[in-house]
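Both complexes shown next keep subunit A, but they swap its partner, so subunit B is in the first and subunit C is in the second.
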Partner chain A sequence: MKLITHNMLTSKCMKGVTVGYPLKIQAVDVKTTEVDFNPEFISRLIPKVDWNVLCSAAESIGYLEDLPKEVTENYENNVDFLKKAHRVLLEIDIINGELICPETGRKFPINNGIPNMLLNEDEV
Partner chain B sequence: MWPCMKLRHLQELLQQIDGFDNPKVHLEQYITPPHLASHMLHTIQTHYGDIDGKLIADLGSGCGGLTLGLAALNAGLVIGFEVDQTAVEICHSNINDQAFSNIDIVQCDLTSNSFLSRWFKQFDTVIMNPPFGTKHNAGIDMDFLQKGFALSHNTIYSLHKTSTRAHVLKVAKSNCVKAEVLAQLRYDLPSSYKFHKKTSVDIEVDFFRFQILNNS
Partner chain C sequence: MSRPEHLAPPEIFYNEEEAKKYTQNSRIIDIQVQMSERAIELLVLPEDTPCHLLDIGCGSGLSGSVLEEQGHYWCGLDISNSMLDVARDREVEGDLIMSDMGQGCPFRAGIFDGAISISALQWLCNADKTSHNPVQRLHKFFTMLYACLSRSARAVFQFYPENSEQMELVTTQAMKAGFYGGMVIDYPNSAKAKKIFLVLMTGGNMPLPSALGTDENSQGVSYTAAREKAKKMRGKPLKKGRAWIIEKKERRQKQGKESRPNTKYTGRKRSGRF
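Entry: the complex of A and B
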């Protein structure tokens, strides 16, 4: 699971959960994979991302590296910034671990890099 | 015309991926036949440029019959949503075999209410070969389509039984989405799909393109 995906997932659909965001990450196994760098694509991703959540997620699994804490102005033309964003959004892959609902503590397992967001009937 | 990998190469790649071992009838699990999947994806890229460099969702991604093709055509990122554990595992091994890194898979039930809300209107393109709703799950195809409309800010591509065309057009219209049938296909459900008594059954399927209208 990439951090862009983490940035989008919530547990809001669960009974009794009001925000359900961001999900905490308990990472057991993290790897990095090279992904082709497409500056135009990354520029279009950045406005969709909650940057603070991205930074804390990266930090919590020890991969913050030198990611700026804030989105740089005119990032579209800042290749250095786009490369750092690219790395954190797409190249860090959580292989095994758990996502944890911030309100209920419900755990969603991540196996083979795939988060399992299925709920039991009594949870919705 | 937009640049694109050769149709033949795409089809060869899709022929290599593993399908469902024991397809679950109630989930309508069958892989989109490679010749069909490759033609669909090739059209989406060459005519409309809706794959290369785009953020794409594949609803009911199964073993990756469409997801892997999207990745091969240089999607910026494909996110596949799939409910079934076995399908997700086969898809994972297909992704590893082909060494794609522009794919993420999320296991979830697309009919249940939505932890996807932050993704609404974020995807450039949504693609699906949905369950047709013929196995005691009537309406699931329209459920998938509505999810597609919610997730995409631009286009949605989908397959629907030709017999439901009028209904699909009506649903699109009531959602202020422009609908167009790009092709009418003959789809033979493979013999592995044991529910059917005959070795294969031909059904008529429409390949739809939907465009979200901005003034909606």
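Entry: the complex of A and C
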């Protein structure tokens, strides 16, 4: 699971959960893979990213690196900034671990890079 | 022929064996690729713009590969562990999530520029457990899908409704969730080429795109272009060989994206000594 996905994912499908965001990450195994850099895509994505959540997620798994704490002004033209955003959003992959619902503490396992968000019948 | 959704729940039906069979069958690949291309066309995305898309019931990533080809980034949902495993082994670019669409779409509001779903929605019309109520599950799914799409985004579903009641059931639930739109039926007069798409819009009531091959004489003839393209795809290995990698790099260069220069190492297996 990449951090772009973590930035978008919630546990609000669960009964009784209202926001379900951000999910806490407990990472056991993290891998980085090189992904082609597409500056246009990253610039279009940034307004949708919750930047604070991205920073704390990266920090919590030890991959904050040199990611700026805030979105830079005129980021569309700032290749250096877009590359850093790209790196954290798309290249860091959580292979094994857990996501934890902030409201209920329910754990969602991540196995082989895929988070399992399936709910039991009594949770929907 | 019996319908798969009558045989077993999807997470059981799409087991390891079925997932492999599905992804290696060149006829299935052809059809899924063609339908995905048509679904993307029906999304009417802004031209030459890389978009953030959702693939619902993404399976082994056949539909997702078409999104990649067209320069988009995607996230896929599926209920079958085995199908997702195959997708991961094929090294698709999209990120994968195991979840049941009948339990909703587990995302924040307004984050996707569009959604596609190829050959999956009919599964939701079935009750696989005593606790399943198709109307409720469709309602939850469409309501949460609506919320995670950006305004003016569309969602396009190719699916195999069993009868007209099912078409009505899904349309009604989608409209209740706030969508506009309806069915686009390509080649309605051809038993073989007929394809049903549910086209949903968020931004207001716009005219539906026109269907293909609706006049009496056309029985799927204009599918030839798509078929030619699919033929080219068929020759391609699913595994990512050197030829595949070089071709993909060329595609990306054409789109103005960065890619590494080709060398004698391109597409070689790593020695594993890292």
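Definition applied: the second predicted complex is superposed on the first by the 124 of 124 C-alpha atoms of A that agree within 3 Å, B and C clash if a C-alpha of one lies under 4 Å from a C-alpha of the other, contacts with A are read in each partner's own complex, and residues count from 1 in each chain.
Here is the rule we use: contacts are C-beta pairs under 8 Å (C-beta built on N, C-alpha and C of every residue); 3 or more make two chains touch, one makes a residue touch a chain.
This one's a predicted model, so the numbers in the text were calculated from it and none came from an experiment.
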Partner chain(s) touched by A:119 [first = subunit B, second = subunit C, both, neither]: both
Subunit B versus subunit C as contact partner of A:41, first or second or both or neither: both
Which of subunit B and subunit C A:83 touches, first, second, both or neither: neither
Partner chain in contact with A:31 - subunit B first, subunit C second, else both or neither: neither
Partner chain(s) touched by A:21 [first = subunit B, second = subunit C, both, neither]: both
Shared contact residues on subunit A - subunit B and subunit C: 1-2, 4-5, 8-13, 20-21, 35-36, 38, 40-41, 44-45, 48, 112-119, 124
Contact footprint of subunit B on subunit A as seen in their complex: 1-2, 4-5, 7-13, 20-21, 33-36, 38, 40-41, 44-45, 48, 90-91, 112-119, 124
Contacting residues of subunit A [partner subunit C, same complex]: 1-2, 4-5, 8-13, 20-21, 35-38, 40-41, 44-45, 48, 50, 112-119, 121, 124
Touching residues on subunit B, where the partner in the complex is subunit A: 53-55, 74, 76-77, 79, 83, 85, 88-89, 92, 101-102, 104-109, 112-119, 122
Subunit C residues touching subunit A - in the complex, by the definition given at the top: 49-52, 71, 73, 75, 79, 81, 84-85, 88, 93, 95-100, 103-108, 110-111, 129, 131, 140, 144, 148, 150, 252, 257-259
